[in-house]
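Across the two complexes that follow, subunit A remains constant while its partner is subunit B and subsequently subunit C.
Presenting the complex of A and B:
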């Protein structure tokens, strides 16, 4: 059955996510939000275009593509991939516009209230595909598989906490204490859903791209245990908030678990890196190291972030979302899109005519430049937030926008096989985004 | 999971009857997903193909008392029982020895896929190649199926290597 291990809509998920990334960078450049200005409607809209539109969507697209690799079986319920993309995109746009209610645009209230329903439906469809694919006795033995399932649990908590806050902000019952719910919402999203999903997928990808032995072992079991504890504490804390009880104690415990979790994860990634057989890693792996460094940086900032709040908390969240999660995703995206494009175009030609090496589809120099620019922009953004400098933050947003445009340009070039010599480039070219597989 | 149904053909054979009809009746009586454990005085080779065509994989052993014990497992449940990856050809046990062996460990995807497809194109129909890989070649399987080649694979017990047999199809379109 041709193509049963490729999801047809992977590139559509990536394309939609990249549009949101460009939109968020553009809004940052326009000064819609910045140091100390994240809790108003404009600031929340920007944050959600970035976190939900870009990071959640790219992660969901990546999971739909990669859980079959994790579980060594075909994707379950593949017919849900497109509807999930459509409703979660619509929900994201509705939520971003809905936040403008807080800026006095009352007419947008219905959109604000409808957004959680659409987003929840999209999340549920992705969770059904991923959960059904991974839930088998063989797969569940793997700590990385259980970690992705844990990420889905955190996703449910993320959605529930977000939906409750939307109700509260629109003045409806049941109202929650926002000052207690907000840190939990962020921790469920960043530390629970996005980071745990990234952990689970990264083991397989890193071992593959570094040609390193892929064995779980005790360290990975320990990462899973710490992650399970974190998600359990976060969900319990949110239930306490729902019950109207104080949850600072539980939130502090969760924040104490995060450094343990991150250090265990980094220790295992360091082990994979040292045991690699590929002497000179490619650009995606070299720049994944920058992402891992930002993970450590975010962890270091999280302590003053919780104790002092304000600029420290803003910088910690920025380092996690823009530094750790986005740098990792952008670096791997170049490689993954190159790989999928190569499979799509050249797999049918192997053994019948010469095929180019997969590396030739990518301009490593251009990718390096963009990823370096992205990392510089992230660092500048963290410093600008710490210094509470709106001008510095605009400069950082300019660097990030340039880098994002450069990556998108490179991805389009990869899809068009632009880096191949004309005689190596077959006609017709694959469509840019839709659908991934053509009948042949 | 349901216990395998045990069926001993020795009394039937001792009485001089052909056990085939009785075996097929036993197969028809299996509940969905249930395996059949067959006890026979010799290795029942002809039965393997018949059962494969009915969707069963098999594993067999000769006991210390000389009796052959064959476990026929429905292929949908084969990953647990027969140890083959989903999608493997159930009759791979009958394939001839591999004419070509490839060690593709330490290669970055998609290089193993390229090597296997190039090699299988050179083989005569029915010939088999064996390849050792670091991981399951997920993107290779649809390509093999599309070109009419059969495959069977599984992880070595260490989990650190993937063993793959590919049998060249009648023609490579």
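Presenting the complex of A and C:
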């Protein structure tokens, strides 16, 4: 069946995530949060619209689409894709509104308490689809597959730590020591779930887009071992926090493992880059280099971030979430949406009629401009956080908002085949978001 | 019987990999091509085993070969042994 490896709801996941991205950028522009103002209700709401609404949603949508490529088998339990999207979106909105309890809006308490259940249900459904697709003897031999499964383990830890903190903030038992739980929650989310999932998927995607041999080997095995150790230490540390024991030592060990993990990963990506057959990489890969640079930058900032805290820690988290994970995602999103659109419209014509190349669906110049603006906004944001400048941070949010709007505009143009000549555009056009494929 | 392989190969030159713009023969994705009494037997691969285009490429190969006069049937076998690697690609035209 054509398209049997495609998930019908991928573009809906991406659409939901992009709405959250625009909302988060807009809230930043309005000055809802900024340097030194992240732990109040407004700051936490903004952070979660970004981290959960944008990054987690887009990563879950990407995994539902790409684990079949990693495992070379159709997605398991595909009927869960839509309910998972709906329930995790509802949970995200509930959590963001629920944080306003901390700003004195007590009426939102029921929403705050219900949010972790909805988010957990969404996460569990995604984990069931992804885990069941990847869990075959052949697939488990691949380090990148095991890396994505590790990411799911970290996702469970992320959810549990988050749910416990919601209970604590609501004044309910069992309470946890927030000062110890918060760094672990962030490390499980950024370093565990999001980064490990990105690592696992990027090996295959980078090799495909660069036309490079996808060899795996010892280096990838070493990245997996470091990642497994990191997740084990983070989960053990959180269990210590739950047991009321100090976990600073374990957290320090985890922070020490992160540079090892990142340097090993970057070494393998550099090998893939050097062995590429595509002489002139496309815009998605060119700007993925900026994301990788931000990964190194976040790693460098994490040392003073842990030792000194304050602006250094804020800048490190910002560089990781906005620089590394978001730049990578936005750069690849342009290509992936182009590729999915091409499959939907032109794949049935292969061998029968002339078809355009995938890159003709994308305006590389427009995408370059937006990604350059995004990277500039990220740098400006890091500097503003380091300088504790709210005005500078709002300027950065303005740049990021413009860039995000530009990317969304470009993605809509891709879906409408706007960059193709009129005679190359078939009618009717595919629907913008729902569903990706018609039932066959 | 005349050797029809050149025209069959020519037909496959019209089936393009949308990512690189190169045809499947130049991509090294056609492992075997035989013709027996109006039936063409093709063994082909994709760049990665889980490629979402696998089925469409197989159908494209079938359609392209069926468009050659005198070809009544096409049997396409997909294989990933040996796996495709960029080393299989023809050097780019000068």
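In this section, the second predicted complex is superposed on the first by the 437 of 440 C-alpha atoms of A that agree within 3 Å, B and C clash if a C-alpha of one lies under 4 Å from a C-alpha of the other, contacts with A are read in each partner's own complex, and residues count from 1 in each chain.
To be clear about the criterion, a contact is a pair of C-beta atoms (placed from the backbone, for glycine too) under 8 Å apart; a residue touches a chain by one contact, two chains touch by 3 or more.
Just so it is clear, the structure is predicted and the values come from calculations on it, not from any experiment.
J.: If subunit A is used to align the two complexes, do subunit B and subunit C fit next to each other or clash?
T.: clash
J.: If you stack the two complexes on chain A, which partner ends up touching A:324: first (subunit B), second (subunit C), both, or neither?
T.: neither
J.: Quick check for you: in the superposed arrangement, does A:214 touch first (subunit B), second (subunit C), both or neither?
T.: both
J.: Name the contact category of A:358: first (subunit B only), second (subunit C only), both, or neither.
T.: In the superposed model, A:358 contacts both subunit B and subunit C.
J.: Tell me the contact category for A:69 with respect to subunit B and subunit C: first, second, both or neither.
T.: Touch partners of A:69: subunit B and subunit C.
J.: Identify the partner contact of A:277: answer first if only subunit B is touched, second if only subunit C is, both if each is, neither if none is.
T.: Touch status of A:277: both partners.
J.: After the superposition on A, what does A:347 contact: first (subunit B), second (subunit C), both or neither?
T.: both
J.: Between 43-51, 79-87 or 97-105, which run of subunit B pushes into subunit C after the superposition?
T.: In the superposed model, subunit B runs into subunit C at 97-105.
J.: Both subunit B and subunit C touch subunit A; at which residues?
T.: On subunit A, the overlap between the subunit B and subunit C contacts is residues 1-6, 68-69, 72-73, 208-209, 211, 213-214, 277-278, 339, 342-343, 347-348, 350-352, 355, 358.
J.: Quick one: which bits of subunit B touch subunit A in the complex? Just the residue numbers, please.
T.: Listed in rising order, the residues are 79-80, 85-86, 106-110, 113-114, 117-118, 120-121, 134-136, 138-139, 141-143, 145-146, 159-160, 172.
J.: Mind listing the subunit C positions that touch subunit A in their complex?
T.: Residues 14-16, 18-21, 47-57, 59-64, 80, 85-87, 89.
J.: Spell out the residues on subunit A that touch subunit B in their complex, using ranges where they run on.
T.: So the residues of subunit A touching subunit B come out as 1-6, 68-69, 72-74, 137-138, 208-209, 211, 213-215, 277-278, 339, 342-343, 347-348, 350-352, 355, 358.
J.: Which residues, counting only subunit A, touch subunit C once they are in their complex?
T.: Those in contact with subunit C are residues 1-6, 68-73, 204, 208-209, 211-214, 277-278, 339, 342-343, 346-348, 350-352, 355-358.
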